[in-house]
Each structure stands twice: as C-alpha cells, then as structure tokens.
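Look at the two complexes coming up: chain A is in both, with chain B in one and chain C in the other.
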Partner chain A sequence: MEFYLGLLQILGVHTLLGLSAYIVLLTGQVSMAQAGFYAIGAYVSAICTAMLGLHILPAILIGAAVTAVVACIVAFPALRVHGLMLVVATLAFGEIVRLFFFNLDWQTVIDGKLIGPNGAEGFRAIRFFPENGWETGDVAGFIWIIVLCVMGILWWIDNSRAGAVLRAVGHDEIAAQSVGLNLTIIKVSAMTAGGFIAGLGGGIFAHTVTHIEHGIFGVLLATFAIAYPILGGIGSVFGTLLAVLFIQGFLIEGLRFIGDWRSLLFGALIVVAMNLRPTGLLGERMIYFKDLFGRKAQASNLGKEID
Partner chain B sequence: MLQLSNLSKHFGGVRAVDQIDLEIHTGEIFGLIGPNGSGKSTIVNLITGLYVPTQGQVIFKEKNLTAMAQYERTANGIARTFQNIRLFGNLTVGQNLWVAQNGKIQRRKHFLSRWFKAGGEQGEDVNDLLHFSRLYSKKDVVASALSFGEMRRLELARALASYPEMLLLDEPAAGSSSEDNELLAERIIAIRDRGVTILLIEHMMDLVMGVTDRIAVLNFGKKIAEGSPAEIQENAAVQTAYLGTSEANEVAGNA
Partner chain C sequence: MDYFFAIDLAQSIIDGLLFGTTYALIGIGFTLIFGVMKKLNLAYGAAALAGTYVGLAGSLSFSLPPLAVFALSAFGSSVVGYFVYVGCFRFTPDNYPMASLLASVGMLLFIDELIIHISNGMPYPYPSALRNAEITLGDIWIRGDLIFVFLICVLAMGFLYWLLYRTPLGLATRAVSQQPRAAKLCGIATEKVNALTFLIAGFLGGIAGAMTAAAVGVLSPIIAMGLTVKGLIVVVIGGLGSIPGAIIGGLLVGAAENVFLLLRGVSERDIYVMLLLFLFLTLRPDGLFGTTKSRD
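And then the complex of A and B:
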C-alpha cells in the first residue's frame, strides 16, 4: 500500500510538470525550461519550510510565485525566437538554473544542524512532512487535491476564450496577429502560468523526496516535461494526465518485473505509442464541458446537422 | 479615411512598394489592382502592420498608425483577410470568430468575462456573423474540415468579428468559381452598406469593375493610374502594364 501511495505522489508531481509544459505548448512553443522552473520552485519552497519555518502551503505558493516571476522575465527574450531556436534558448536557461543551484551554498544553523542548499551535495533534510506527522497517504491526498485544482483551472481555461486564443496563436501566429491578438502578452502569460505550475510541482516534489540536488533537474527531466503533453495529445489536460500514467505508472513502475529489459522496452514502447497515435494518446480533438456533461448540447447539435 | 503618404517598402534592392500616395474615403469600395508582384499584398501588410515601412506613413482617421503594433490597429478599426487562407484550423468555426473579437467595443468588456467566460462561441454576435456568412450549420465543425468556399466565407466573417471600420480584402476570389464570385460581390456590397469601408485587391476584373467605386493600379511598386472603373479600363498605361506594349497598341488601334 505504501508503495502505491508513493507512486501516487510521483504521478501527482509529474502531472503538474506535464501541465506546466502543456499550457506553453498550446501556444506552439516547445519549452525545455520547465525543469529549470521546477528546480526554482523546489529550492525556494524548501528554503521557506526548512530554513524559514513556514507551513507547506504558503511555502509552495511562494515557490510557485517566485518561479512565475522568473518565467515572466525569461519569457520576454526567449519568445522572440521560434521553433528550434527556442528549444535551444530554453535549454540553455534550464542549464543556467541547474548550475546556479550547483554552486549555491547558503546554510544556516537550525537546531544545531546546518540546513540549506549545499552546492553539489544538494539540499538535505527538507523534512516538513515527517516532522509534522504527515503519512504517505496524507501527502498523496494533499498532492492530488492540488493537481485536481490545477487541472480544473486549466480545463476551464480550455473552455474559455483564453484557451481558444492560446490555440489560435499556436496554430498560426500571423493570423492571430491579424485578428488583433497581442502575441507578446499571450505568450508571456502562457509562459508565466507554466512557470507557476512547474514551481508548484517542484515545491511539492522537494518535500516528498526530502533531498534535492542539481542533477535531478537536468535535460532528462525537461524532456519528460515536454514529452507528457506531446505523447498525451494537446487536445485537453486529460492527455497529459494519461501520458504521465502511461510513462511513470506503466513504463517505469509497471514494467519493473522484467528487470533490465525495461530500459530497452521503455523507448521502444514510446515509439510504438507515437506511431499508433501520432497526434497523442487522446489526440488533438478538444474535450469540452459539454462533451462530458451536456447530453442536451450534443442532441441539439445533431439536429442542426440534419437541417 | 485611410491615407498612405509617400509609403515605401524595400526588400534588399527590390522596391516592392515605391512612394505610394493613396487616399481612401469613408464608405467607398476601393479597388487595388496590378500584375503579379506589383506590390498589392505588400501594401495590405503595411497597412495592417505586418511589415514596417521603409519610409512614409499610414494615417487612419487622422491617427498615425505607422509605429503601431498590429493589435492596436485592429482596435482602431482595421481588419483583413489573406490571399492564401489563414484560418485557425484547430478551432471550430464558432471559435474562429470568438477569438477574433478584438475590436474597440469588445475591448471595453470586463477582463474576466472577456477572457475567462466559457461558451462565448455561442454568443449572439458570433451567431449574427454565422448567419450572414451562411455558416450557422457549421458552427461546431473544426475549421480545417470546411470546403474551400466555406473557408473563404469564414475568413471574411472572422475579419468582421472585430467590427472593423475598414476591411482589407486580399484576393478574396482567388480559387473560387464564378458563381461564388457573384455571391462574393453581393456580400462585399452588403458589408459596405453596413458602414465598412473596403479596400479590395483582386485579379478577377469582372468583380473589381463591378463593385468598386474607384481603382488604383500598381506596377512594379509604383502607382500608375487612379480613377473610376471606366477610366481605368480606358487607361493606356494600365493596358501596357497588363498586356505588354505591342498588344496594348493593338487594343488601342482596334478601339
């Protein structure tokens, strides 16, 4: 049971990471900076709880807010470049963040122990959960309440004009400009929102593992972040969730029993999945409120097709 | 209403648009014609702000638009269509119009209801446009699944979604049948009658001569003639530009 609850935690934080890339991807931007944002959220919120003694909730919100500010600042120069150049630019940003934390050495004495980021050794003893008696199940529940809130908000955005606008920008920037959309503000907003979500995920992640170090937040994590929405399909937030379940739940945990063959099969199965479902597991078709809740709406649409 | 003064756009050594002066009056349908590569689309792109002019000014309702971003120009009442259709193929027909609601009136709406209200593609102004473009039955269809003619109509409707005062049509008839073109002519006049000034760029001479009030002719980025449709048809320089020297002489000789 403990194992499954732990897995639930991993799935939760990775879903947040995937969703942070999802909202940026809607505008057609492939951002490899999400791991960097995740790292900022992780370190800042860990500093808040372990060093400043804050509660977890304000700590992760502060972490997310700081990340959002950084993402907003980074977005202005980064979004001036497109396509592959943006991939390289955001990748570079992620590495800068990683190397910053690699060199960050700032500890204070708390209860006779040195606590804080310690360069290459990382940041140890982020022990808010164990210190406050949270069980694995409590933490998993806490994480999934946040994940569901974020998913709910993003799904709402998808159903609103903002979501349509993000997709319009992603489809054709020239047309989007010509209908009077301010590309800079839209793209920077998406990046800022993505930064906030990644920071939130990173903050929670830091507390579930209690020890973070720069190596975790490398290119591999950035690749996972962008792979979730692409593999799941950018039609809706559910694609990202499904892709996280598929990769983290099935490919990484579910196939443990086959031993060394797993790493081999991991890549192969992703290739197979992309070939069978080239637009993602759930495809590009959008899923709206009415698709799930409104039987009436569907019936009336059918009527319209006939006349 | 719209004034271009001494407007130029050079791409390297190519003078795509070369010192154009043009004035379009409120409420008219103004035609812009010329052979391929004569700079017509470049002028549209200069008016909407897709290109920055090398020199000269774009003045709209006594406001200088030259340094304005595209979205500010839309807010000031300019809208366009594209020569090669550029719809949001991943969105439904209704959403295409919803996304384009960036006019002055819509900008006054409250921020939250403008951006985060769900279901606005079912709104009244969207429905009006859908009826006007005979696309109502396709409202929930993804735009990439439309037929060519429907795509053209949707793009025109999308340009109208911001309630523009001036509409720039960049070859709206390209690739359409002659039947479609008659409907298009009717629709262009209907739009003008709603109080929208129109700049029409077109190769189909029947359409241009039929609906426009005045026409300007471009060749190699320069304006070679301007006048009523009848005057333009008689103009020797225009005939030379379109038909070449010897044939133009023949036409002139026969006439």
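And then the complex of A and C:
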C-alpha cells in the first residue's frame, strides 16, 4: 500500500509538471524551460520550510509566485523568437538555472546542523512532512487536492474565452494577430501561468523526496515535461493526465518486471506512439461524451475527419 | 594583464578554435536537416554517439587503425541517422511538427539506453592520431591530436561543400530546402532527398563524435547530451540554415567555452556559454548569418 501511495505522489507532481508545459503548448510554444521553473519552485519552497520554518502551504505558494515572476521576466525576451529558436532559448535558460543551483552555496545553522543548498551536494533534509507527522497517504491526498484544483482551473480556462484565445494563437499567430489579439501579452501570460504551476509542482516535489540536487532538473526532466502534453494530446488537461499515467505508471513502474530492457522499451514506445497517433493519445481536440455515445456521434466524427 | 596570463589566454583560444570545429560539424548537421525538413531532430547527437560506438566496436574486435575507426564511426552514424529518419520523420505528418519532435526525443532515449545497455555504461578508451606530436610557437603549445581533429573536420566541411555545390545531388538538396513543393514539381523525389540528407548529416555527426572522443581520449554515453546542446547553440548563434554561420558559430563557441573555462573554472563555464547564447537570441534572434525569411 505504501508503494502505491508513493506512486500516487510521483504521478501527482509529474502531472503538475506536464500541466505547466500544457498551458504553454496551447499557444504553440515548445518550452524546455519547465525543468528550470520546477527547480526554482523546489529550491525556494524548500528554503521557506527548512530554513525559515514556514508551513508547507505558504511555502509552495511563495515558491510558485517567485517562479511565476521569473517566468514572466524570462518570457519577454524569449518569446521574441519562434519554433526551434525558442526551444534552444528555453533550453539555455533551463541550463542556466540548473548551473546556478549547482554553484549556489548558502547554508545556515539550524538546531546545530547546517541546512541549505550546498552546491553540487544539493539541498538535504527538507523534512517538513516527517517532522510534522504526515503519513504517505496524507501527503498523497494533499498533492492530489492541489493537482485537482489546478486541473479544474485549467479546464475552466480552457472552456472559457481565454482558452479560445490561447488556441487561436497556437493555431495561427498571424490570423490571431489580425483579429486584434495581442500576441506578446497572451504568450507571456501563458508562460507565467506555466511557471506558476511548475513552481507549485517543484515545491511539492522537493518536500516529497526531502533531498534535491541540480542533476535532477536537467534537460531530461524538461523533455519529460513537454512529452506529457504532446504524447497525451493537447485537446484537454486529461491528455496530460493520461500521458503521465502511461509514462510514469505503465512504462516506468508497470514494466519493472522486464528488468533492464524496460528503459529500452520506453524510448521505442514513444516513437511508436507518435507514429501511430501523431496528435497525441487523446488527439488535438477535446473529447466529449456526446461525441462518443450520442446520437450525433457518427456525424460529428465524420465532420472531424474532413477538417 | 601579465605575460603568463596572455599566453594562457592565447593558448585557450587556440585550443578552443581547434576543438570548435567538432561543434561546427554538429551545427552543420542540425542546419542541413532543418533546411530540408523544417523540423528539429533532437536524436542527432545520440545518432552521432551511436556511430562512434560502432567505430569503437570495430576498434575493439578487429583492432583497426585509428583512421579506419574514424571512417567506420562516420558510416555507422550515417546508418543510424537513416533509421532515425524512418522512425521519427518519414511517417509523421508534416503539418504537426510536435509529433516528430517528441518521436526524436523517444529515439534519443532509445539510442542512449541501447548504448548504455550494450556497453554496460562503462567508458572505453578511444584511439586518436598524432597524440605525441606537438607544435611549439614561442611559449604556446599546440597539441598534435587537436590539429588532427581540426584537419579532419575541415576536410569534412570541404567534402560537404563539394557535395552541395558541385553535384546534382547537392542541387536537389538545395532545391528541396528552398522550396519543397516546387522541387517536387520539378521531379525531385523529396523523400529520397530527405533520407539522403539524414545520411549526410549522420556522416558529419559521426565524424564530430569520433573527433570529440579522440580529443578526450575516452568514449562514454555522457557526450551525447553535450553534442546535442552545443550543436543547437552553434546553430542559433550562426543562424538557422546557414552553413558558414554554423562554422563560425562552432569556432566561436569553442573559443568562448575555453576562455570562460580559464577565467571562471569548470563548474561555471557552461553558465556563461548559455548566457552568451541567451544574449544572442534576444539581441540578434536570426543569428550571425540567418535571414528573416528562414523563420516561419
């Protein structure tokens, strides 16, 4: 049981990471900076609880807010470029953040022990959960309440005018601009929101693993972040959730029994999935129940194919 | 600035320029693929590494001479590059670039894991040429193996130029990269040209991988990520779609990296390289030689 609750925690923080990339992807931007945002959230909120003695909830909110501010500042110069250039620019930003924490050395003495980020060794003893007697199940519940809140808000945004605006920019920037949308503001807001969610996820992540170091937040984590929404399909937030379940639950945990060959199969399955379902597992559009079971299902499905 | 510091600086810059040719080759590979496909191939560094391991396998099992090992690496990487094309680009839709992007990430993980699986993740010694030779200019020493790396890379670039500008094959490649639809109308088989571009780019990547391994002396799976990231940086600094830009970008990154290594030490070196890149992106988003037209 402990194992499955632990797995639930992992799924929760990865869903937050995927959702942070999802909202940026809606505007058509592939951002590799999410691992960097995740790192900022993780370090800032860990500093808040371990060094300043705050409660977890304000700590992760402060972490997320700081990350959102950083994301907003970075977004202005970075979003001047498109496509490949943006991938590289955000990749560079992510690496700058990682290397910043690699070189960050700031420790204070608390209860006779040195606590704080210590360069390459990382940040040890972020022990808010064990110190306050939270069980694995409590933590998993806490994480999933936050995940569900974020998913709900994103679902609501997606179905409101804001979602239509984001998708309009993602589909065709020139067309969006010509109907009077301000591209810069929309992209920067998406990036800021993505930063906030990534910071939230990073803050929770730091407290579940109790020890963070720069190596975790590398290019690999950034590719995972964009892999979730692309693999799941950017039709709705459930695509990201499904992809997290598929990758973390099935490919990484579920295939443990095949041993060494698991990691090989992992990359190969992503290649196969993208060849078979290029727009993601759930596709590029939101799927409604009435599409699947309703009377008009046949007709509307035909309509989709013509598009 | 005293005399010894000046010597150190000159030494770093020369070493960096010589080694920068490998970055230039990787950058050219990215630019070539982007030119014809308008897509990013993130598995490129991994394919180059896989080719280098093919060369290493030849070296270990048949004890080939270094030059044959390098050639085997280049051809091996070429073949892996073709598989990357078939797996990630041939059957994914043109109008949905994210599919091929993620597929190439999957391929990157697959190739990386395959290498780790076969080699047990152990670093292996890699042969190099002219290791004991050196040229002395006053107080500056130039390592013979770095000169060899430089010469091979320049040779590869010359070969590429000949291929692109002196053969019908190159004409077709340039036609596809300028305007795929018009090229198709003129009777050029774009799919064949695309596959061929992956073969050529893979060849260059294999040489770059072999030369990196030869300059370092050992081969380990870690260098794949370095090759990919440095190659992307080179492309951005030089300008997307520009081969001279990739060459100059490669030399610039190589030199800048070594100067920062001298000034700030190994752990902070990459921060400054990334900052340089970020500056380039914000102040000159098209790179040194890029045109606004090459962006969509």
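Keep this in mind: the second predicted complex is superposed on the first by the 286 of 307 C-alpha atoms of A that agree within 3 Å, B and C clash if a C-alpha of one lies under 4 Å from a C-alpha of the other, contacts with A are read in each partner's own complex, and residues count from 1 in each chain.
Convention: a contact is a pair of C-beta atoms (placed from the backbone, for glycine too) under 8 Å apart; a residue touches a chain by one contact, two chains touch by 3 or more.
None of these values were measured; they are calculated from a predicted model.
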Partner chain(s) touched by A:Gly180 [first = chain B, second = chain C, both, neither]: first
Which superposed partner A:Ser160 touches (first chain B, second chain C, both, neither): first
When both partners are placed on the shared chain, which of chain B and chain C touches more of chain A: C
Contacts of A:His171 with chain B and chain C, given as first, second, both or neither: first
Residues of chain A that lie at the interface with chain B and also at the interface with chain C: none
Chain C partner contacts - residues on chain A that touch it in the complex: 25, 30, 77-78, 80-85, 87-89, 91-93, 95-96, 99-100, 102-103, 120, 218-219, 223, 226-227, 230-231, 260-261, 263-264, 266-271, 273-275, 278-279
Partner chain B, residues of chain A touching it in the complex: 156-157, 159-162, 164-165, 167-168, 170-172, 174-183, 284, 289, 301, 304-305, 307
Residues of chain C that touch chain A when the two form their complex: 34, 40, 42, 87-88, 91-93, 96-103, 105-114, 116-117, 225, 229, 232-233, 235-236, 240, 267-268, 270-271, 274-275, 277-278, 281-282, 285, 295-296
Parts of chain B lying in touch with chain A, wherever the complex brings them together: 48, 50, 69-71, 73-75, 79-80, 82, 86-91, 95-96, 98-103, 114-121, 136-137, 139-140, 158-159, 161-162
